[in-house]
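Here come two complexes built around subunit A, the first alongside subunit B, the second alongside subunit C.
Presenting the complex of A and B:
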């Protein structure tokens, strides 16, 4: 602190600290808090007030559209067919195509989605299995717009529904604003079991797989009342973490000898060339690096073509369906984040220590175990943490390599919750728990390695 | 070399009782050429006796470290062989030789406590932890560090680290201990103290010490014998006294101790004495190499052998500079012919009066050595000018 003052003066130091605080706040603390808050609330459209609001809008739209049918003409009948889509965000498209004249031959108007939905007997969003309706829940009169009634009566009913819904919406919103909406509902969704419909044979086949046995052992798969259930969220999480840890271990096994060779077993002039060889593949954009693999593992890719040509196989091997492929590509993609920390630390080791150990009679294995590894521990720890976090968070590799032909990586699950299922609250809960789990794993790892934070300063 | 099971008392017996533990080291036609084509050690024959404190003295880059590294096994000779005792070491790695090396920077293991450092060699030999600890304690006692066993090397002072390195090397019961200028990083007082201590430990243990240094003071005070080395070649081997008084090459004479040099031509030979004609006069000196008339030669004479007493070799000079050393006065004289000569004279208080006057200085023929022209050691001035 004093050192900073002396080197940079008060002005620059103040700016520096302001930047650090701003960074910590804006890029670390606030996003995590925002994520946590979102994870602990239900999506707004699942709230009762939202249902009431949607009903109000539907009724209002219904009134509007019915207005066109008060004086029936050819033109208005046509335009009436184009039902205005409801703006609630529910992914139900306007079904103007259903407004077929033959279906509604006797009616004064074609089918109108909004009028159909303008009923107080409206289903609420509840956990699966539970059924609740707006009119029963809030003691409303059971009103709905009947297509058989004369148009003015329909408009009248719709107006009534609109008023009731508007009133209910206001009261509910007030009540909800006062009540706490926080809960762990989104988090429990990760562990929710999903029934997997299977034939008996498929079930037996699945049960025989060792992965399935392992997953049953930790309670992620079970059978109840003859039906098999899987906790899919947790399963994907467990799989991803398992593969990420294996990828980290494999990277370590690959990188330690490389780092040793470059740092300690090569003359500096030659080490430059080795270094260059390590860096060049990483001058290529990550996506291209991953994509290059597809030309190798495709059904008509390099490996399969060669094997077919040699005659070793008759059918192409489906590499895309194998988790092992994703695993190998992840190791390839992130291996450098393991090499450099280890290399940097090893480089600082006095080679005389290695010679001294050898001179005292130590075997090569002992020199590594007692001299080089303890010295490089901090680098190994940093490399492992970096590789683990990158592997666990890998998104492009499983996506490009598997092309949806195998089980998701957890990062894909999170992405899908956010952008495909459009349930960002569940997505937030998933990603927050994932952050937490990874953090715990890293902390445990550091404890096991007996790495103190100050050791990291040696890694550069 | 004992494996495991040796109790503390047994080890103590070996450390202090067995005087003949050291083995001889023989360099037989050794030659070392590095892959880049540089010949660090020219064809060399050398025998280091068992239990000897042997120093290899030479300027940096003369190949002395290469010899040490070939003996310890880190460098493979390009030709010739090395014998320890009467065992050929060709093909043996450093971890299987009966040598232990003490590095210039000591190369202690910073992450291990002192006792584990000392016991590392035993650990590599599979000795149980209890015996390791016992042996380490005992060796630390030998080097007076019993109370530092559980500290890390980084917490010790320079001299203590030095002694840990010695204890670590001795722990493996080596027959030959190789020391690569281990005292060069210490300050003067400590260096002088450690010289005595090293000598002491060598006597106690009876291990053969091969000590590499560029510091002639260290070599002269500690060694039984010294090899003077220059440019990959051993110039002279002998006791400190012998080398100092009877140098056999221009390099030896100029590198070990101070020497005045007067170059000229041999003009007459008389038994083992010879006359040399120099621009500064004609002098008589010893002719150990048997030079004949007409050969180029250099006459070497030590500053302490130059005096004011009349002798056969006289030259007139005046005092150029006078440095008081306490009991001695170092005088730098300029002869009338333009040469500079150094002389050490006892500080009797008479020098003061001589300032400025023209004086007659001389040296006894028996104290002067005439040697063939060859490379001479660079003076401090040369090195500074580079």
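Presenting the complex of A and C:
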């Protein structure tokens, strides 16, 4: 600290600290905490108070609508023919058409949805399988608006229900404001099994696939009572991580010789040009490199047209529907993030060491294994982490390449859960769990490789 | 030596693999057919480029181009510049502060600071966008360009951090000490010695921050709300069941050309410096 004061002065040091604290807190830590909080919050529509609130609204609407049926003749005289046609016109077809058994010919009004829903015996939002009702839960009188009663009585009942519900709503809201609404319910949604309706044939076909076998082995697919279930959330997660790890390994295998060639096996003059050949694709906007692939893999794209022309196929292959295509394009897009860290470290190796080893009779494999690889371990680790993270978090590649035609990448699942599902808090839970999973994988990998975070600064 | 020839061949195959899609992209941008294709050649055209300056009447006359919204495209690009105008200076400032503290501060929390500041670079981009959205939404700021800026700064600041740190570690501390001994104020030393020393690194960090801000898709997509940027607008064009318009390939070709020219210029300059 004193050193900082000495070389930068109090003012500048304070500015540096303020900036770093703002970065760490406002941009990194607090957003993750907000995310965690969101992930643990039950969605508002599931709260008991919201059920009471909607009962109150229904009862109020019921009172309003019933008011129109109270004195039909009077109303018609006043409104001059506008209300009557609509009132009778709507009432008659529904009377005859719906013909519900409770509705005898003498009923004073047609079916009204709001009045039907205005009952204190109302079902609560609970986990599937669990049943609870508002009146039993909170000890309310069992009131409901009966269509057979005279209309003034109905209005009276609806008013009562409205009052009871309003009271309950305020008390429940107060209670809920004080009670914590946090829980792990949203997280369990990730592992929830979903029943897949399938014919026996389709089932047998799907069971035969090796991916399906692997997934049932780890319990993500199972059969119960003749129905097949899949834990879809976990399945997508497992598949994404599997592909991301494969992409990382493939990139490593592809890139190691490249980095070796540019760093150690060529003259510096030629290395400049080879570097250009690597830097140019690296610097081009990621989206454009993905778009460049569409004209290759389209149904009328390069590969299909060539294969058709040769006569190897008669129907175009649907590359866009294959997860393998997404995999290949991900490797293409992110492979260079592996080259540069390895190159940067290899570049610092003294070539004389290699010469010495050769002179002492080491084989090429041995030189790599004992000299070059240990030296470039940090670069390999950083490259692997970068590639893995990019591949695991890939969103643009599956979105652009597949156009929604094939099964999802986990990042797409998060997007769909957050922006398109009814409960966005589950999306937050997915996202937070994904962060945790990725960090655990990286931490384990760093521990295995004995890499420190400081290597990141060294190899960039 | 055969092993050397194999390695050479492999190297060229790899470079060909990297460049082949890009070359196809350039070719398709001159083909008069939509969606872009290399196999179905319908004649040379420059209209996918001319889209950006041709008259409204011409655009309406073309069956492919008339479905596109040029003004929106330009506005989104403007948004991108706006975002970058905030993100680049802010991330340079944060990156510089972080680099100074990580290299010079020997406090107890140093190790923790490493983890915290580098974690955005280790996290999947989508999560940064989403958490910025949730966090600022909680504070009452709706999703839009502001959340995009905040989400981008979170990880873009990491690039200046790493670049400046590498440079700071090589800074001769004696210069600074000499200036301090001669009675210069610390601020003066920073302005006259440290900053000039960091200037080349700051410049390259700014370029990298600018590029990564403009091209960022994953993070932006999650934080943007109803707003749009250059990258998200281009990404949105893929959601067309008939394939994307070749205008994208024209834009891509321009980007490729700019990148190639810039890379060649950079290589030429650094070669001259080497001599």
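In this section, the second predicted complex is superposed on the first by the 339 of 460 C-alpha atoms of A that agree within 3 Å, B and C clash if a C-alpha of one lies under 4 Å from a C-alpha of the other, contacts with A are read in each partner's own complex, and residues count from 1 in each chain.
As a convention for this text, contacts are C-beta pairs under 8 Å (C-beta built on N, C-alpha and C of every residue); 3 or more make two chains touch, one makes a residue touch a chain.
Please read all numbers here as calculations on a predicted model, not as lab measurements.
Look at A:20: by the touch rule set out above, it reaches subunit C but stays clear of subunit B. Of the two partner chains placed around the shared chain by superposition, subunit B is the only one that A:353 touches, whereas subunit C remains out of contact. In the superposition on chain A, contact of A:366 is made with subunit B only, not with subunit C.
In the superposition on chain A, A:375 contacts subunit B only, with no contact to subunit C.
Legend: residue contacts after superposition of the two complexes on their common chain; A:146 is shown touching neither subunit B nor subunit C.
More residues of subunit A are touched by C (comparison of subunit B with subunit C). Across the complex, subunit C is touched by residues 1, 3-9, 11-12, 15-20, 22-24, 26-32, 34-35, 37-38, 254, 257-258, 260-262, 265, 272, 274-281, 283-289, 291-296, 298, 300-302, 305-306, 332, 336, 364, 385, 389, 392-396, 399-400, 403-404, 411, 414-415, 418, 427-428, 431, 434-435, 438-439, 442, 453-454, 456-458, 460 of subunit A. Those residues of subunit B that touch subunit A in the complex are listed here as 72-74, 93-96, 99-101, 103, 105, 107-109, 111-112, 120-121, 123-125, 168-169, 171-172.
Those residues of subunit A that touch subunit B in the complex are listed here as 350, 352-353, 355-363, 366, 370-371, 374-375. Across the complex, subunit A is touched by residues 3-4, 7-8, 10-11, 14-15, 17-19, 21-22, 24-25, 28, 35-40, 93-94, 96-98, 100-102, 104-107, 113-128, 130-132, 134-135, 138, 150, 153-154, 157, 162-163, 165-166, 169, 173, 176-177, 180, 185-187, 189-190, 211, 214-215, 217-218, 221-222, 231, 234-235, 238-239, 241, 243-244, 248-249, 251-252, 255-256, 259-260, 262-264, 267, 270-271 of subunit C.
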